[in-house]
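Presented sequentially are two complexes of chain A, the first with chain B as partner and the second with chain C.
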Partner chain A sequence: MTPGFADPVADSQACFRTILDVMARPGHVRSVSGITAPAPLCDAAAAVLLTLLDHETPLWLDPEAEAARPWIAFHTGAPHGASFAMALSLPDLTRFPAGTDEMPETSATIIVQVASLTAGRAYRLEGPGLRQPAVVRIAGLPDDFASIWQRNHALFPRGIDLILCAGNTLTALPRSVSVTKA
Partner chain B sequence: MKGYNFAYLDEQTKRMIRRSLLKAVAIPGHQVPFGSREIPLPYGWGTGGIQVTASILGAGDVLKVIDQGADDTTNAVSIRRFFARTAGIATTTATADATVIQTRHRIPETPLREDQIIVYQVPQPEPLFRLESSRVETKRMHGLADYGSMHVKLYEDIARFGQISISYDYPVMVNDRYLMSPSPIPAFDNPKMDMMPALQLFGAGREKRIYAIPPWTRVTSLDFQDHPFRTINAPYPCGLCGATDSYLDEVVTDDTGGRLYVCSDTDYCSRRRGAAE
Partner chain C sequence: MDAPRSARQRWMSVLARADTGVLRRLLNQRAPLPAYTVLRGPEGGLAMVRGRAGGGGAAFNLGEMTVTRCSVSTEAGFVGHAYIQGRDTARAELAALADALMQDPLQAESIEKHVIAPLEHQQALKRAERAGKAAATKVQFFTMRTMRT
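This part shows the complex of A and B:
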């Protein structure tokens, strides 16, 4: 089994600030370092799991990523459930808790591994965190992702937050952001 | 510091706070509950802000702490020393040099940048608490975006005093959805929150709530078309640096009615005086 962060305190802090930064500036792409991910996870996804998960955060793991389960269980101790989800392709968002109007924070955060955050289909993002609409390129999302996302966005303040990971890069799409095909 | 984890809080607590912070950023203006911990400081002295700062701080950060705009008051000095000791990080009083700014009741006059984070200490996160004492009820009101009672309060102010009589903690709407308390900053500072390039985080330790405003987010102060929001400030230039654009504190100088109006932002004021010399 591969180790977790070399320096758990400093590395998880650095990774958290990266996640915070991309959650606050949707679509910005940042990179993480200091980790060797277990197959089939990419480095960024593994770093996000180590940074955010522990015994208090039930995790739904994509059956395709079953091989990483022992690593996740050993390093985070996350039980089964779905306050977080780790997926190798975009799952059906409606299967996950979207929170309630009074407690929208009880929704799931889904970490999705994609092929690339610099090449691929272009999407136009608009919303809090963006001074003006931004165009991002993401490879590996379903063809109808923009309409899937708009249904999620329309639930606001309820809704799913996505953290997208490719290799050692990551970005985020909070529920507050609107996504259209560019 | 020996015997403590980096930045005082244990890693489990930091992860819990970090998860709440991410939710808060994803739902701008919504109060996210968190498991507020005991801090070696009484409630009301910035325990919420300290926990947020401790959870985001890294070894490379440069921390500035202000209390009512001043770097040199007891609260600011002790929080700055707390993190210098428990995290061994660099501290500064210069707004432009800081990566993280923890504040009690002011926003610095120097405009903040995209690479900075401002952490507000919040005594009462619920903007509706004077109108509705039940938390169950205010939660429902936020869920339904039912903010009519706040407009009625502002209307009653106008009917009784001819103007909206809120000079600090002036309620704002965040991204046209959530009514939010900006913490007890003067209404003078409210316009700085709108489309601010920096990320704004709010921590209320006693009330156990975290909320946030992402960068470049619309923040509007509540008002009426015929009674637009306006800021209030003493109608004088600063007695020390002559600034006419900064928020002023009134200082009583003697027992015969002497008054001095000076910048509340000590860094801004001393920088202006330094530049003038």
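This part shows the complex of A and C:
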């Protein structure tokens, strides 16, 4: 067992602000600090979990990440469910709640650990928060990610929000953003 | 890794009631404090204390009490927890450390002998003294029933 944030209050507030920023500006890559993640999670994913989860936010944990379960349970107390999901590779998005037209906020937010946010396949992002289309490079998503994402984007206002983490960096793809291969 | 529940409950409750100064002295007297990592806290919070009037009354919220908790991990990998009444963070940290050491088979016997047993003895004496003082003030109500028997 390892500790969570070095400075629980300041670090989780800083991480929350970072998550807000990347959600508001899809594709922008930011970094987090103050944490040493338990294997197999990366630092950014661990920081997001500690920031967003508590005993009232059900979490689905990738079976591949089972080794991190005691750490997550100790620091957050999150029950089983799927308000949030932590995955080491992109899961089937249709298996998660996408919300309803009346209550779109009941959809799942999925935290996906990827290989890199600076190298890899290029994607073109368009939508709210982006004055001009942005290009983001992501390594570790499936080859047909753009079409998977377009199906999710088409559900708007329903749909899944993604937080992508690699090392100590993170970026977000909210359901409102449109993704095409660049 | 988990010790049987009742045994652990016993030493955790003894540690939670211990006086900070005495606990620190007893732990240091045995051997220098081992290195450990603080996993969480020590941090303060509130716990709702619930009560029940009589045997059949419905539960009600009596009030909130201050609680301080701490969790530490020793180098041997044992995780100790402490939840204590009040705001004494140093006591919570020492109690969590002692709980971790009690789970370590190499340390448990020595901690039990030098820390837990003396504390428990002292607490029992204190409780007996209080009970004795209270018993001396007890008023016997001679009701019809007690007078007959």
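Keep in mind that, in the parts below, the second predicted complex is superposed on the first by the 182 of 182 C-alpha atoms of A that agree within 3 Å, B and C clash if a C-alpha of one lies under 4 Å from a C-alpha of the other, contacts with A are read in each partner's own complex, and residues count from 1 in each chain.
Here, contacts are C-beta pairs under 8 Å (C-beta built on N, C-alpha and C of every residue); 3 or more make two chains touch, one makes a residue touch a chain.
In this text the structure is predicted, and so the values were computed from the model without any measurement.
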item: Fit or clash - chain C, chain B, common chain A; value: fit
item: Of chain C and chain B, partner touching more chain A residues; value: B
item: First, second, both or neither for A:Pro157, with chain B first and chain C second; value: first
item: Partner chain in contact with A:Arg30 - chain B first, chain C second, else both or neither; value: neither
item: C-alpha centroid angle, chain C to chain B via chain A, nearest 10°; value: 90
item: Chain B versus chain C as contact partner of A:His75, first or second or both or neither; value: second
item: Contacts of A:Leu52 with chain B and chain C, given as first, second, both or neither; value: first
item: First, second, both or neither for A:Phe16, with chain B first and chain C second; value: first
item: Shortest CA-CA distance in Å separating chain B from chain C in the superposed model; value: 10
item: Chain A residues contacted in one complex by chain B, in the other by chain C; value: 8
item: Interface residues, chain B side, partner chain A - complex; value: 5-6, 11-12, 14-16, 18-28, 30, 32-33, 55-59, 139-140, 142-144, 175, 177-178, 195, 197, 199, 212-218
item: Chain C partner contacts - residues on chain A that touch it in the complex; value: 1-4, 8, 74-75
item: Contacting residues of chain C [partner chain A, same complex]; value: 37-40, 43, 71, 73, 77, 79
item: Chain B-facing residues of chain A, complex; value: 8-10, 12-14, 16-17, 19-21, 23-25, 51-54, 56-57, 100-105, 107, 109, 127-131, 156-157, 161, 174-176
